[in-house]
Structures are given as structure tokens and as C-alpha cells.
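Below are structures written as C-alpha cells.
Here chain A shows up in two complexes: once beside chain B, once beside chain C.
Here is the complex of A and B:
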């Protein structure tokens, strides 16, 4: 059957044009003889050799050709090409290192330049666009993120990417990296736990005593308006004073700087989304449902546990999701007052002008945030009450 | 012998912030009655209903259920003994139809097998096949189906008393009519004491054994539908009944059976069913331009004649 002529997918065409322009005009990757000297950027054809580079360009052109008159079959092909494009990225980096860095150069390092980053970024956007155009999307679109992670992991494990500047930074700070991860996670976890305990209590209070709603939300809103750095700073003085006055607090590890002010500030920031979502979700349950629950002879506790909470859960989890992502970002800033976490790499890197070190802190932070987002979104979907008609 | 009242209110009042919602009402509802409380919005009819299952407490006066003063009873245990169905169904959106209906039996601590059997029985009673509906969620039901599930849920704990607060108010006229017939059919099978609140006087006349008319928190009249039409106590009741329509409403309470005459001579061309009302007979006469109908029973046998003049006779027993 002849389908009506479809219109070009302008999003895909635009994205391909951008990535082609960047690949042809800017550097794809760079090499440095050691950490100190400035790097030398290489264009796509120089970096990967003409065969690999031509293949890459041909693939991108093929995607553009398919997007000119798209139909379901062509979207399938497009998606397959995008998956390939993303999966070959770590391989192309390994190939680049193989071509340009000899084994007897222990200090030489390879960096990803504008072209490489653009390819990763635009490739992800292409993946999202193709996925959204296909309803339902074929299950194998997941091969792209999975392949990207697995192939990278394999190449890191085998040592083929060892010369990548990011990994050079990692290998010289191996134990610090895992400490930072542990520190980051425990601060986020502690803040989450604290804000959940206090937040759920406050939410319950706003429901039982509606008069308290205004002052509570007013206070929490006020916390949100203080810049995070200022709040961290403001906490140093009172905590140092308390720690000096009561040595028992010092024994607990509470000082003006370090984890204590970080946790306090994080909890203060995290409370608003938790309290607001919980309070709105619990009070938003249809009055008829609550009335009939009471009318059936449920106790107040049964109404809360069997009706209010299950119906409110997706919105409450949404609040926890926002809180977690926010906390992951804020912990990075808390490095400035001596709290552990990936932030310390970022600020050290900024101080030394070493962008690779900044990335060593920034990339895992972004990865943690994305992971938390995916996890809590899935959890909220799982808790969706009943079946949507 | 006078039957013992199942529900008895004596001098009950309820104030909301010094505004009187229910004003010194006394009322007896006997076992097996379908008592309809009717009135305009804000007349205190819903408040009265909620006083019965202690969703609202009395400001003064007392209420006896089956001889017991409810002031001394635990609200939860009292409510589990009474079915409760409301306008927007109040079904729990996160639970299947089966689990919704099983709420009160679960609270009463029945065994899972017994609950399942009860759900099965009730869904069949309300013409919702178990296999098709038990595992649906409320969002997948039509308005009429959801309301049937609401009624099934109210009946689930096998209560003596059923409280219904405008249960069919949000339904379209056709669905409402079929659910009213359904309620009458079910009531003839299970014979509960039902207190039914509505603002629709036609619904009240159709369903009630006795009607309580309320206005401004007081009971204006408490009587059978026929007596209410024949002898409204004041202008408010008259206006509620509709001035010009009263005759037709009254006619719809009289069955053809009580006015028909013995067969004689040729059978008239057009027929009416013996269980139809005089109102339907009048409609048929007008439609067919005739002044006499043949009365037939369910098996289509002619059992009597209904001339127009007979409509004006007082009914025979």
C-alpha cells in the first residue's frame, strides 16, 4: 500500500546538520604529551583516519536521508543507525588512542574535544526523537545506553581507554574517587532520611492543624530563597560556637565545617518538596472517597494507611525524587565547606585549571542524578493506583 | 400489633456554628421500610442521614437503632452494620471492583472464601457478571456500573439498614430509571430497612413506602406517597409535588388491577398490562384515541376491561 508522502522530520535533519558542521569544523579529540603542556586538537579525519571518519559521516548522512521522507520502517532503520552511532563512540575513542598515543608514553593523555562531546550529546537527542516517533518504541532502543555503558566498561577494564585524560586523573586518585562516592552518597542519604522524617511529620501537622500551614510553608519557602553557598556559610559560626561550648558535640564529629552544616542545610532545602508534595497529595484525595471510607466503618488509621497514602504515594515519591536530585547537586557545592563528595574534585580542578579533574567530579554527579531520576520515576509509575482508563 | 421501629429519632437537632441544620426532628422508620427523605438542597436531609451512622453527631436528642441508643455505640462498629452508598460512589480508585465490594466484609473479619462468594453473589444480584467485572478498576466502569458497584458494596456486609445519599443523582435519566427499578427488585428480594435521600420528588414517589418531606431542618410531612399526594399539609409540599402534575403522579401510584371491570362482550382492540399503572393506561387511551382498553396478564390472556369511566371510581381491593 502506498502511504501518503510524509513531511521531512525537521528535528532529525537539524540535529544531523549541527553535528556534521561541528565534526567537520571543530576538533574531534585532542592529545597532550603530559598534564602540563597544552593539548593539540585533531579534526575528525586526522583523529580517526579516513575510513572510520568516512563511515561516521556516511552513517549521519544516511540518517538524514531516512529522515527526509520518514515512515515506520525508515524510523526503525534510523533508530538502528543511532544505536550503532552511540555504541561506536567508546570504540572510536579507543581507536583514536591506538592511533595517536604510543604505549611508551606513560604521561601522554587523550582528551575528548568539541566534536566528540557534540556527537554524544546529539546522538542522545536523536535517540530520544526516534523513540518518541515510534509508538510503541521497539524494546531494543535500550541497546544504545546499555551498549554505551557496557562497551565503555569493557574498554576501561581492558586498558584500551587508559590513556583517556579522565581515566588518567581517575587512576592517580583511585581511592579518593571511591571515598568521594561514598561521601556523596552518605550525605545524600542522610539528608534524604532527615528530610523524610521531619518532612512527613510536618506534612502530617499541616493536615491536622491547617492553621500551621502558612507559617510552615512560609519558613520552608524562605529556606529555598537563601543561596546554598550563603546557607552553608551562615551555619559555620553557630555550629563552631556550639561545638566549642559543648565538647560532647565535637566528640560526635560536629564542627563548624564538614558534614554537620552540610546535612543541616541539605535537610532545610529538601523539606519544601517533601512537605509540599505530601501535604498536597494527602489532602487532594477526593472527599467522596474519604467519606465513604469512614462510612464503611474504617478507623482513621485504616483510612490513612489503606486509602489516603496509597492514593497519594505517586505524588509523595515525586517529591522525594525532586529532593534527591536537588540534594545530589547541592552536595557537590557543600565541598566548599569541607564536606566530602565529588564536589572536591570539581573545585580542585577549577583551582588548577585542570578540566579533566572537573569532569571527574562533574560526570559522576550527573550520572547519579540521572540514575536517581530514573529510579524514582519508575517507582512512582509502579505505585500508580489502579489502571488508567 | 405495632411493628418495632428499626430506626427511631427523638427530638434530634444539629447545629453548625450556631446555624440550625436539623431542628428538633422525631421520626420512626420500621423494619423493611424504604423511607425516602426528600427536600430542596440545604433542607437538612443529608445531615439527617449522616446522623444515623454517626458521620455527624447530634447536638441534642437521641437516635435509637434497633432499640439501642447509638450515642453509646462505637462509630466504626455501628457503620459496619449499615450499608452506605453516596452520589459520586466514593469507590476506591486504587482497588478492583472485587476488593471495593469486599471492604466491609474484610473489616468484619470474614474468611477470604466467604468474601469471594459474597462478592460473586452481589455482582450477580446487580446484573454485573463476576467474570467480566470483578477485576476491573473503577475508572474502567460507566457511571451506571460504578453506581451498581457502590450499591453492591453497601450491601456487602449484609447490613439490616442501608443508607443511600442521592445515589442516582449524577446519572442520566435512562440509567437512573433502570437503577431505580433494580433497587425495587432487590428490595423485594432482601427486604432491608432503607433510608434514601433525594431532591427528586418523582424518585421519592416511585421508590418510597413512606416519604419524609423536610424543609429548613424540620419534618414537614411524613406519609405514604398516596397520602402525600391526596393530602399535602401545606403549600410547600404542594409546590414540591408540582401543582398541575399531581393527578398524573397520583395515577402512577394506582395499578390497573384495582380499577378493571369484568370481561363482557367483544374485546377492545388495544391492551394494557395488568401490572401497569393508571398513568400508563391513560397514556395508551390518549395515544390510541380510545375510551376502553383490554387488560391482559403476563401470559397475554385477557383478564378484564378498563373503560375510561372506571379511572374515576375509587379503587377496589
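Here is the complex of A and C:
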């Protein structure tokens, strides 16, 4: 780290070498005559035509050249190229479809192959690397994820990507997809709400009665240890017993399978991060700060509201972030016990051996998790005391 | 002698779970009456397709193989990224290790299928990929926490970089690394159970079979075994971690 400007950025060089190798050796995308026949893979030059493919390769080489003797200006250029690289991805897919799938082939579908996925993956790594090397990173690095999403959305809306296998799969189950999204979000939201209410109460209890700390954390830790599939499974029998015994519960929609066991398990899992972070954050505020707040004549309630909570808020939000990400993944598993969500596409697809359907469930799940991560990280940063102007 | 007593005192918890697990694995038939009450109309109430011991063995094999690879690769990558010639990669590697953990394990599992097909192999692959991250992250954190003055001192008494790594830095980081391995194995046990849906034979089999056929007794049997296994392994880690902490406290 003596003088990072003069030495080559080996990370960028390595990443570019990897992506070039994959692009030149593996298939970029594939075409399928219909859902059942195996797809035919196409290399980069065949898939995109020589002009687009050469442009792509030239861009990657330019990134490598800039990384050879990087300085702040070259990092800026490099970042701009990486942003372009990521934003052209959906466009290149649309171009690929335009070249290889005629409009009169309603069953033909295009898939993204190893090359395309690698380009997306390595492009994201390049973005992270450039961002890390430029402190502070220029605000416009966000153009890459934003552009990727917006351009994809536009191309989906305009129908240029309609032949993409993922979208063919979507168009045949449009209403199910939005139901799955609604189900997924409401389960995550319900679990979050439940765990916040119970969790904050428990955290308050641990602060009030320190003797209870050990048993409470012991129990919550124990819940976290139980694998999700096991906890879901363990809840089915008692819940269906209760539902059979008390028909009132059935009227409320509580059955052995479905949302009831899912939400109970989700709340049980979500409690630990919430309680731990809240309790640690509230007790972690320096005694001197609280002392001086008392000295200024604040009551205990005022101290809690005006000093302790604002100082602890970022850590509490971090707990909520962990909870949310965890819940998004667990709701997908809960599809096995009949809860609605994107998991149902994953497991249906696995059952039918239809990988596009699996993707239709897995990709939105990942997207939701990344989105929640970005949102709560931004919120935590915003709540950092002293950051607000 | 006192240490032995302390170990026994800590050791009875995993021993109890082990006993419970063995009872559950080998004498599930004894509880047929109980399971019959849950599923009065089912043809069979005890999962028959494979013995529980076999499923437990396969589950452990998958988790063990995946965890072994995760630990070796994760620790090695963590060491490489904190050496002088690998330090360029440190920011990227640590970012990837933390961003990667936002990916839901089920999604990773599902995405392994298009790559590798159905069976145990894609399950192990997904477990390795996912289990790597906590190990890597904690190895980085543990090694970076070692204060430079300590490393300086190690050099000062004539240790080579390798000696300093193995005799000073890794032992100091071991508690944190172990915590990462614990997280990794916990997730692996849970995800391996879901691996039944992609054709791996694990303790998740009775649960999935029960869910598909509407046989709650099967579900319960699988769930009990998975739960006991997870709690047993976790309590073992608890013991080892305490032992490490005690050893380290003595060394300081």
C-alpha cells in the first residue's frame, strides 16, 4: 500500500481476465424452441453479432488498461465504464432476442447462459472494487444498480425482453406472481411487526430485570439453533390439534399448515437479532452521557426518549435489517408448509424440473433480500447521530 | 483435575442431547402409539423408506464434507487476503463475504440445480458456497483484530512470517474463527435438511415426504431428528468455544 497510484490494481486485472476468459470460452446466452427441448448455447460473437461483442471486449480491455496505472482520474473513468458495462446488460439481452428470435415464434425462449451471468457477477464485483478504491466514492456509482433495474424494467414494459425464458414463465402465471409477492411481503411484514412488538418488550425487560437476561437470551438462541424446516414441522401437529379442538381458530384461518405456523416460526427466529441489538444498544450508551442528561434535569423517560433511543437507533435498525433479510429467506422455505410466497415457484419448479420457474422464484427472493439490505443500511446511516445536518 | 471437572460439567449438555438423539434414531418404533394418535387414519405412522440411522449418517456426511471444504477454503482465503501480497484483494473479499450473506440459503440451493442437476452434489456445492462466507468473514475479522504491535513483537523475537501466523496470529484469532465455523455449520445443518427437495437424501426426507402425503407423523419424526441434531452440534460448539476461551484466558 506504499503508493497505490503507481502499482497496477491487480484485483481489477484479475477480474477482467476471468470475465474475458469466460466470455470467449463459454456460451453467452441460449435459445430454446420451446419449454421442453434443450436449449442451444451461443458464444458471445454469435449471440450479439461482431460489433456489439467487439465493443464489449474493447470496454473490458479499456478497464484493464486503466487499472494498469490507476490514479483518481482513471478510477473515475473506470467506474464510468463499469456503470456502462452493467447498464448495457439488459440492452444486450434485448439485442440478442432481436437477432435470434423472430416475432412469430411465440414458444421460443431465450436464456442467459454462463457468460451472461458471469458478466453480471464480475461487473458487480468491479463496481464494488472501484467504489472501494475511491474514498469518498462519487454518488453516481448508484447509476449502475439503478440503471440496471430501470433499463430492465423499461425493456420488460416495452416487450423487448418478452422472449426471455424468465418472462415467458412469468407471463403464463402473471396473477400468481403478484400474489406470491403480496404473500411474501405480508408474511415478512407480519413477522417483523410481531417480533418488534414482542422483541422491544423483551429488550425492555432485560434492561429492567437483568436477572432475566440469561434465560431470555438462552431461549432465543435456542430458537435460532433449530433449523427452519424442523421448526415448521414441529409446529404443524400442535397447531392442527388446536385448530381441530377449537373451531374458532379455524374461523380465523389458523390451520396446521399455511401462514400460522410460518409466522410463529418467523417471529421466533426474528426475536434474537431484535432483542440482542436493542438490549446491547440501549445498555451500551455511555453512563457519562446519561449522567449528564440527568444533570440537565431530564426525567428517566426523557433520557430514554431523547438520549438513549436516538443514540441506540442505528444498532436497533441493524437488528431489524438482519431480521428482515433472514425472514425473506425463511418465507421462501415456508412455501413447503403451504405459506404463500416466492418459495412456491422454487419448489414447484424443482418438482417439475423446470429451471426457469425455479429462477422466477429464486431471483425475486434474492432481489428482495438485497433491496431490504440496501434500504435498512441507508436508514441506519441516516439515523447515525451527527450525520443529519 | 479442576479442568477435568469443569469439562465434565460443561460436557453433560451435549451428552444429554446425544442420548436423546440416539434414542430418537434407534427407537422411534417404540413411540408408534403416540404417532398413531396424530395420524389415526394413515397406513403407516413410522417413516419406512429408509432407516433413520441411515438418514442421519447421510445428513452428517453432507454437512461434514461441506463444512470441511468451507473451513479450509474460508480460512485459507482469509489468511491470503490479510498477507502482504494478497492485501489488494482484502476490501473486495470482505465486501463480498458480507454481501453474500444477504443471499437466502434456499435461493442458493435452488440455483445450484441448473448448474449441477439434482442430488447430493449440488446440495454440498450450495452448502460450501454459503458456509464459506461466515468462516471467511470471521477469519478476516479475527486476523485483522490482532494488534500490529503483537505481530511486530513476534518478528522482533525472530519469528518468520509463517511462524508468526501459526504461533501468534491464528491462535489469537481462533475464538472468532470458531464462532464463524459455528454459524457456518448451523446453517449447513438447516440447509442440508432443505436439500431433500433437490434430491439429497437427508433427515429432511421424512419431513418432505410427510408434507407431500399429508402425513404429520412423518413430518414430526423428521423435524424432531433435525432439531435434536442441530441442538447437539451447537452444544458441542459451545463446549469447544468455552474450552478455547478458558485456554486463551490462561495464556494472557
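Please note the rule applied: the second predicted complex is superposed on the first by the 379 of 389 C-alpha atoms of A that agree within 3 Å, B and C clash if a C-alpha of one lies under 4 Å from a C-alpha of the other, contacts with A are read in each partner's own complex, and residues count from 1 in each chain.
Here is the rule we use: a contact is a pair of C-beta atoms (placed from the backbone, for glycine too) under 8 Å apart; a residue touches a chain by one contact, two chains touch by 3 or more.
From a predicted model like this one, the values you see are computed outputs, not experimental measurements.
Trainee: Taking the superposition on A as described, I'd like to know which of chain B and chain C A:121 touches: first, second, both or neither.
Mentor: After superposition on chain A, A:121 lies in contact with neither partner.
Trainee: Quick one: is A:204 in contact with chain B, with chain C, with both, or with neither? Answer first, second, both or neither.
Mentor: The answer is neither, since A:204 touches no partner chain.
Trainee: For A:332, is the partner it touches chain B (first), chain C (second), both, or none of the two (neither)?
Mentor: The second partner, chain C, only.
Trainee: Of chain B and chain C, which one touches more of chain A's residues?
Mentor: Greater contact footprint in residues on chain A: C.
Trainee: Go through the superposed model and pick first if A:223 touches only chain B, second if only chain C, both, or neither.
Mentor: Neither partner.
Trainee: Classify the contacts of A:95 with the two partner chains as first (chain B alone), second (chain C alone), both, or neither.
Mentor: It touches nothing on chain B or chain C.
Trainee: For A:288 in the superposed arrangement: first (chain B), second (chain C), both or neither?
Mentor: First partner only.
Trainee: Across the two complexes, find the residues of chain A that touch chain B and also touch chain C.
Mentor: After superposing on chain A, no chain A residue contacts both chain B and chain C.
Trainee: List the residues on chain C that touch chain A in their complex, please.
Mentor: That would be residues 38, 87-89, 91-92, 95-96, 99, 102-107, 110-111, 113-114, 186, 189-190, 193-194, 197-198, 204, 207-208, 210-211, 216, 219-220, 222-224, 226-227, 230-231, 234 of chain C.
Trainee: Could you please specify the touching residues of chain B with respect to chain A in the complex?
Mentor: 53, 55, 75-80, 84, 86-96, 103-104, 107, 137-140, 153, 163
Trainee: Over in the complex, which chain A residues touch chain B? Could you list them?
Mentor: On the chain A side, the touching residues are 286, 288-289, 291-299, 302, 307, 310-311, 385-389.
Trainee: Considering only the defined contacts, which chain A positions touch chain C in the complex?
Mentor: 1, 9-11, 125, 128-129, 132-133, 222, 224-234, 236-237, 240, 256-257, 325, 328-330, 332-333, 336-337, 343, 346-347, 349-350, 355, 358-359, 361-363, 365-366, 369-370, 372-373
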